[in-house]
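Remarks on the structure that follows.
Think of it as A, B, C and D in the order they're written, each chain with its own count starting at 1.
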Amino acid sequence: MKVSIVGVTGYSGLELVRLLNNHKNAEIVSVHASKDIGSALSEIYPYLKGICDLEISAFDSQQIMQKADLVFLAAPSGVAKNLAEDFVEAGFPVIDLSGDHRLPASLYEKWYQKTAPAKETLAQFTYALSEYTDVKGKKFIANPGCYATAVELALIPLLKAKAIDLDSVIVDAKSGLTGAGKALSASSHFVNVHDNYVTYKLNRHQHIPEIVQELQLFDSGLKHIQFSTSLLPVNRGIMATCYVRLRQPLSQDAIRDLYQSCYADKFFVRIQKELPELHSVIGSNFTDIGFAYNPLTNVLTVVSVIDNLLKGAAGQAVQNFNLMFGFDETAGLLTVPSYL
Amino acid sequence: MKVSIVGVTGYSGLELVRLLNNHKNAEIVSVHASKDIGSALSEIYPYLKGICDLEISAFDSQQIMQKADLVFLAAPSGVAKNLAEDFVEAGFPVIDLSGDHRLPASLYEKWYQKTAPAKETLAQFTYALSEYTDVKGKKFIANPGCYATAVELALIPLLKAKAIDLDSVIVDAKSGLTGAGKALSASSHFVNVHDNYVTYKLNRHQHIPEIVQELQLFDSGLKHIQFSTSLLPVNRGIMATCYVRLRQPLSQDAIRDLYQSCYADKFFVRIQKELPELHSVIGSNFTDIGFAYNPLTNVLTVVSVIDNLLKGAAGQAVQNFNLMFGFDETAGLLTVPSYL
Amino acid sequence: MKVSIVGVTGYSGLELVRLLNNHKNAEIVSVHASKDIGSALSEIYPYLKGICDLEISAFDSQQIMQKADLVFLAAPSGVAKNLAEDFVEAGFPVIDLSGDHRLPASLYEKWYQKTAPAKETLAQFTYALSEYTDVKGKKFIANPGCYATAVELALIPLLKAKAIDLDSVIVDAKSGLTGAGKALSASSHFVNVHDNYVTYKLNRHQHIPEIVQELQLFDSGLKHIQFSTSLLPVNRGIMATCYVRLRQPLSQDAIRDLYQSCYADKFFVRIQKELPELHSVIGSNFTDIGFAYNPLTNVLTVVSVIDNLLKGAAGQAVQNFNLMFGFDETAGLLTVPSYL
Amino acid sequence: MKVSIVGVTGYSGLELVRLLNNHKNAEIVSVHASKDIGSALSEIYPYLKGICDLEISAFDSQQIMQKADLVFLAAPSGVAKNLAEDFVEAGFPVIDLSGDHRLPASLYEKWYQKTAPAKETLAQFTYALSEYTDVKGKKFIANPGCYATAVELALIPLLKAKAIDLDSVIVDAKSGLTGAGKALSASSHFVNVHDNYVTYKLNRHQHIPEIVQELQLFDSGLKHIQFSTSLLPVNRGIMATCYVRLRQPLSQDAIRDLYQSCYADKFFVRIQKELPELHSVIGSNFTDIGFAYNPLTNVLTVVSVIDNLLKGAAGQAVQNFNLMFGFDETAGLLTVPSYL
């Protein structure tokens, strides 16, 4: 299949190039950005020399629809919705990595502080957490957010099993800096990030409604989560540390069974014996999950880790691409965590 | 006053040298270690050349008592208790930075997996969280643990005000690597720490009973806390992120008043308007505290940050030293956070 | 082809697992180490779960020769030479990533301070810098050192062109910590590496004779190089900054031509317009080279960068493997630099 | 003495606050910036709460001359020269940390690509490398650049001793990111710096003429140096690795004597037995120097390290301040390297 990437010079766009370059069922036929039009991608990003020497084009929906069979939108939230319109109208497949098509209009406007896409457009998009959503034959995919992916995969098994107090969910999530995008700001200046740890958007992060919405599919009784996000002085990786109270005590084995029953046939989710660390997954599309129950406090701690640019963005987008078209789920995604 | 430092080549010992070198009321008269005996400290640690060129001596309690007026024990837990014996017997002042004299024997043996000091010895030590303990005239100080300091200073005001559900305390604490000491292990190898974030000793950290014991002084109804510790890929700094449920909703101002009433006259605790970050305090003896209440979940998030080697170890030891002898509380401790 | 990896739990061994796992012409049939015998590799290294679940075996040359067609020796220098003996005697193919078979006995003993392998054994090994050595049909490969690879690829074109003063070569090389291996030492403790930059083994690094020996193949007049090595606070990556004086001034274009003529058909060496940075190559088998000439000083600065674990170790080993057996040179090595 | 700081919110300005806050002979009476006028400095930089709560003022030369006895200009190059004019005209003491008054007009305009200050103004400024320049009674100080300081202190002793070939100087210098200032750019974005090492401004760095000019004071025969600068993924610290050829071989002891004879009575320059590392000096005003001679290549490698914000900027400015007015040279500067 021929694919185009819009927003190729953002972090998710560049990751899509890496993944699709080694994908047996996909060929990148055009890459689009708002700057450096006419230059080879590898001229602006010399690390891609000999790998992707395509010329950067301006966005042109008609041209994309002529050349390609599907478009990945790796543009920022607030921009992607406008870019998506022509494709949706024409029934041309879209995988949108932004937050623009994940929430109903009212929630989107509240949490993103931007005008929402038209309701008819939103209605056509499917929020696709690869392990739980059937996307076969779907045309318009809203790819999940990075934090949301880590949290949802950690908590859904507990909700499915009715194992926890629904008002007890507290998530302390941490991310590397690529999660914040390449925009320049004091908060992404090296000096302010290095040797630091900064909590931001407490109680205000736009992934909160996304997570709640997805979790409610598994237990509508869940109303809120307590959610904090912090910046780790690393480039890649998210750890979501989730604290929940159990309705009744469970053994470590019982908890493991509960997770295994959800993920036994899911290649990209691994239940680990020990708590996973960032190194467990960086450079791969895996989500690793571990946990420990404390009978004294009745708190179960669940830790999930992902590479925010892979399972948290471009990797899951390719996974959804594979599932939409019936390709091998792992095509283009068999990179081993770099670990070192 | 003349002081000796035992365990000078550990991280806390080296920090004591830095602080006491600039202390108007203290003079370091001897430094002791178990290795490199006979070498100048500055020969082993060239960064101290011209600053502290004292010769490293073997430990000798009699010699210390002849030369000095007080001894700082910066030896590891399990070692310090043996070194302390002679001094306690002789009534010679000791500030012990290890965990050996903080807990009653039974708790010590359970959480440290070591034989406890004699009960009579333990009884003579005062656990001294500088802002809450009156150490004037005391002779034997058990200096608090690093995580314990950050958590206790964050939570005591809430307990004093009876503001929180006592079974709701969840602490997600993170520390830089100096907190783990200089012992060589796979978990402190650069390659395993860098670009990583690792949760360890979940539900098993030895600071748990220390924190509970201290908090119970302010509300004996508190029985347990849920406590996790993780390693940040930085050298210095602890952030304790504390999640508690309020007995009844409080405004941001009311919470601020509650903290200000505890710390208005405490130079080294600062209540900040925004959530503090590690950079706020690294290189100083400050504890910075910030908070935010979420009415949807009824969870108050309190964030406290310290430099684990200063307020979390050597700094608080010097602060206790100052308070014991009526020196200016800030003597030797007026370093400004390095921030950059 | 069936391959065994000896020393699988070292950094180079783990990288071989990553690469060979995705290699269409190779199958890993056994992995060997001196510890954790009998455990699954993925039990000790959970990041490999589902990727390489082979059991770790003790080293057994007979068993390897029965099961496999080639063995990768990823054991430390000083160990590999002993492990190699049986294979060499039996004429069984070996790719040795250690330094044991790169130098003549006398130089080896001088620079490594270890007893050299037998001369007859040494004579059978081919030092194989992939871009310059014809290994087709060779059986025993001494894979180059990491620093040596970066320096040799940067300087050979200049020597071939007789472009430089032979006594003017000064190399300031920097490496990430994986280059130092996983042995525990104060110099690899996180606290000592982080926020630091440390120059080590000045004038004593064992890659000096290896580099000189290889460069002499292209101009025997070169006798010595000035070579320094330092540790960067990163996990992966080497930059070799080479300063040489030109025999006569050359334009930037002329220098480029000189490099292009050497590497035009070498996929894994890229001549870049700007000076390359570590990010240009990390996660890939590429060597990127850039340069700038200063007419005021008559000094040409050449900068080459590699991922020390890939082109500097496991990657070049796989490249040599491919070339030995006539596979596609890039098989298993098409990973794109991670860049972010 | 009463001092004002202009450009207080830049990195050097903030460091001046840290140092002067603990200076027994200085009192900060006003701080000036171009943003956040009217806010307390500690409101914008909460880490300064309780340390420096002065209000940020707009720049006003008259007001400064009324309130203060001296002004530190910590504004960027190109801005400082304009701010300095009124003070120079009025004969009011200035210590300028920028590059604006270090070079003759023609060199300034060539290397800075900015219009130079008037020649009469330039003539009044003294370039003051504290260890070599007599500033007693001087009024207008051009404080040296960070790289320049590290290189000059390393090389002057060799020039004074006529020990080296004057056309052989090659300097490979590395700096942490604070050296690049707080301006936002892709090159200072965390993601681009972390895990990277980037060489920049090769043969074009504006400290080249400054270094040559100063070195020529000690041997006018020196015409050029080969100089490269790279960014280390750390916040603070410069290492200058200098390669020079000796006119005739010297023993390690002879070289040491040569350095000791220059620096025996200079508190802030330490000749170390081993090559120094960044940790040796970070957080202090020290310059540590080490060296090793290679008889095979006749190259002497000299390594000097400084904290670029202290000895490389604010620290040397305070040192010059002390020397100008006859205060203890170490006043405000006795901080011990943080090391950990």
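Methods note: contacts are C-beta pairs under 8 Å (C-beta built on N, C-alpha and C of every residue); 3 or more make two chains touch, one makes a residue touch a chain.
A quick note: this is a predicted structure, and the numbers were derived from the prediction, not measured.
Chain pairs A-C and B-C differ in how many C-beta pairs are in contact, and the one with more is A-C. Using CA-based centroids throughout, the chain positioned farthest away from chain A is D. Averaged C-alpha coordinates give centres for chain B and chain C that are 45 Å from one another.
Centre to centre, using the average C-alpha position, chain A and chain B are separated by 39 Å. One finds 36 Å separating the Cα centroids of chain A and chain C. Multi-chain contact residues of chain C (touching two or more other chains) are listed as 11, 178, 191-192, 195, 233-236, 279, 340.
Of all the residues in chain C, the ones that touch chain D in their complex are 167, 170, 172, 174, 191-192, 195-199, 202-203, 223-226, 228, 230, 232-237, 239, 241, 243, 275, 277-279, 282, 292, 294, 296-297, 299, 301, 303, 340. Residue ranges on chain A touching chain D, taken from their complex, read 11, 177-178, 182, 184-186, 188-195, 233-235.
Those residues of chain D lying in contact with chain B across their complex are 11, 14-15, 17-18, 21-22, 45-51, 178, 195, 235-236, 267, 270, 272-274, 276, 279-281, 283-284, 288, 309, 334-340.
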